[in-house]
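For reference, chains read A, B, C and D in written order, and residue numbers begin at 1 within each chain.
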Amino acid sequence: MPTKNPQLPPNSPIDSPALHTFEHWFEYPIRAQPHDTDYAGVVWHGNYIKWMESARVEYLRSVGIEFADLVALGCDLPVVELSIRYHKPIKMGMAATVKTRMELTGVRMNWDYAIVSKDGEELFVSAKVTLVPVDREKSKIMRQLPAVMKDAFARMLERGKS
Amino acid sequence: MPTKNPQLPPNSPIDSPALHTFEHWFEYPIRAQPHDTDYAGVVWHGNYIKWMESARVEYLRSVGIEFADLVALGCDLPVVELSIRYHKPIKMGMAATVKTRMELTGVRMNWDYAIVSKDGEELFVSAKVTLVPVDREKSKIMRQLPAVMKDAFARMLERGKS
Amino acid sequence: MPTKNPQLPPNSPIDSPALHTFEHWFEYPIRAQPHDTDYAGVVWHGNYIKWMESARVEYLRSVGIEFADLVALGCDLPVVELSIRYHKPIKMGMAATVKTRMELTGVRMNWDYAIVSKDGEELFVSAKVTLVPVDREKSKIMRQLPAVMKDAFARMLERGKS
Amino acid sequence: MPTKNPQLPPNSPIDSPALHTFEHWFEYPIRAQPHDTDYAGVVWHGNYIKWMESARVEYLRSVGIEFADLVALGCDLPVVELSIRYHKPIKMGMAATVKTRMELTGVRMNWDYAIVSKDGEELFVSAKVTLVPVDREKSKIMRQLPAVMKDAFARMLERGKS
């Protein structure tokens, strides 16, 4: 039996971040519908990824980036890495809020997520997702972000400061 | 704007584990169907989680644990943590293999995953998923695994050695 | 080779209903996100069913029926029959509206659906879904709707008239 | 309130087809995994559509049509119509068989489905799905099937007779 792990993020203890941390993040409202649940009556663990993607696309839209247009222009944004912690389950019928913010490291977009209760008092899920811009024709990571994204991200960071 | 990250696994560089590492892991065959794909013609990043769950359930079945029976007995196995690296996309129509093994740390089940090409030469995805046994009635993490699981895991580890 | 078909609805020619038909129906807004699409860049045909369910649950909520409460009370509402016509695909990034109304035939709830463009000029999907109330403990179809539903449906029909 | 229904298949009484009907149909094995279930512990009604698609793609593969190749050649096969009857739920952990056969009416492919228990004694779901070949570049329904499909369907019908 192999003893060496693949090179993945280490399993550190699950610490819940302080809830005030997410105060100025972008917000995307969700509701747990029957099709989101599994046999346990709570949201199936893989379905949070859909909500996180929707929140990301709506955040981009809010700063002027239409994701479908970006793809049509030849730039794709695949997820290269993703990690999630499940702090508390969301039950069928519950409403909640996906909070997110983005930071750039070169061309890597690092998105932080917290899915919290409507009153902001409970943390259900925290997550990180990393995307990179890819030239669809060449199938290669772009060295620079397309101009339309640079401008939008400048606006995004500006907004984050206020 | 907040400067502190939630306590999530750090973003380390994406290193591909050596492929021979997975030699003795449990294997679960998959095929990328149209409903697994997204606009890019490749498997949507959240859909790998379904395959990983299926592989886990079939591995458990192969050592005598019927997941639905476990749930009926009052023991649930929620995912508490999950991290994925996307090395290369799986395109529509491609067949692949989910490889997995499990290690116990107390009651925590740590599953390693590698999704590889049929010939074992290409790595598409590597991942880690952590589950804990929960008493469904008390909604509390169990201090010990149910006897049926202990026995099965002993068999599982035995098999890994051979 | 068998020559008799299973007893399913016949394949009649696809006629698009006149668009003014849906004028007073309940409306639920949707947006086609990347995870809703398939390799063709349009919404995968099975994903419309999620939106139709969400619209149904929100319609019930709007007349005072919380679906999760209904289930907790021992009444489930399984789908027993469903038919869909796909008139025109919804592309990634497009916003649209799910329109729906409900009619009772005894305890059978017959829901009509039309998914249309935001301006109401284009019809993407039309559908019918039939649900029945089931006593969860007895696993039997209820002879009567629970009182909470009867009251709510009376309000619903009242609203439809105005 | 509108009184005319959209032109959809009529709601006829749910008759279960005789089980011997499906004897010579193509078979695709399935298993209800946790992610297939909803709060009721049974397969969520929309998830059967994934299995039906997988069965269709594998049937085509078995007669020499690789669906991804077809798409690459410029021919898409969108679903234009779909109807399902839910006779009995499939519970988490249960194995079952998707049975299917196809009949051509001009270029329309009419697929019949029956999802039955492993022993063939219980009928869970019956369904019909209609697809048409579309020229991806022109976005128009093809007047004739591509040669590769005609040949394959001839083989398919040949097999059905034996």
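In the analysis below, contacts are C-beta pairs under 8 Å (C-beta built on N, C-alpha and C of every residue); 3 or more make two chains touch, one makes a residue touch a chain.
Being a predicted model, the structure only gives us computed values, none of them experimental.
Undergrad: Have a look at B-D versus A-B and report the one with more C-beta pairs in contact.
TA: Greater number of contacting C-beta pairs: A-B.
Undergrad: What is the chain whose Cα centre is as far as it gets from that of chain A?
TA: D
Undergrad: Between chain A and chain D, what distance separates the C-alpha centroids? Give it in angstrom.
TA: The computed centroid separation for chain A versus chain D comes out at 35 Å.
Undergrad: Take the average of all CA coordinates in chain A, do the same for chain B, and state the distance between these two points in whole angstrom.
TA: The answer is 21 Å.
Undergrad: Between chain B and chain D, tell me the centre distance in angstrom, where each centre is the average of that chain's C-alpha atoms.
TA: 30
Undergrad: Could you pull out the residues of chain A that touch at least 2 other chains?
TA: In chain A, the residues touching two or more other chains are 34-35, 39-40, 46, 49-50, 53, 71, 92.
Undergrad: For the complex, give me every residue of chain B touching chain C.
TA: Interface residues on the chain B side: 34-35, 37-41, 44, 46, 92.
Undergrad: Which bits of chain D are touching chain C when the two form their complex?
TA: Touch residues, chain D against chain C: 1-2, 4-12, 14-17, 21-25, 39-40, 45-47, 49-50, 53, 71, 76, 78-86, 89, 101, 110, 112, 114, 126-128, 130, 136, 160-161.
Undergrad: Which part of chain C faces chain A closely enough to touch in the complex?
TA: These residues of chain C touch chain A: 31, 33-35, 49-50, 53-54, 57-58, 66-69, 71, 91-94.
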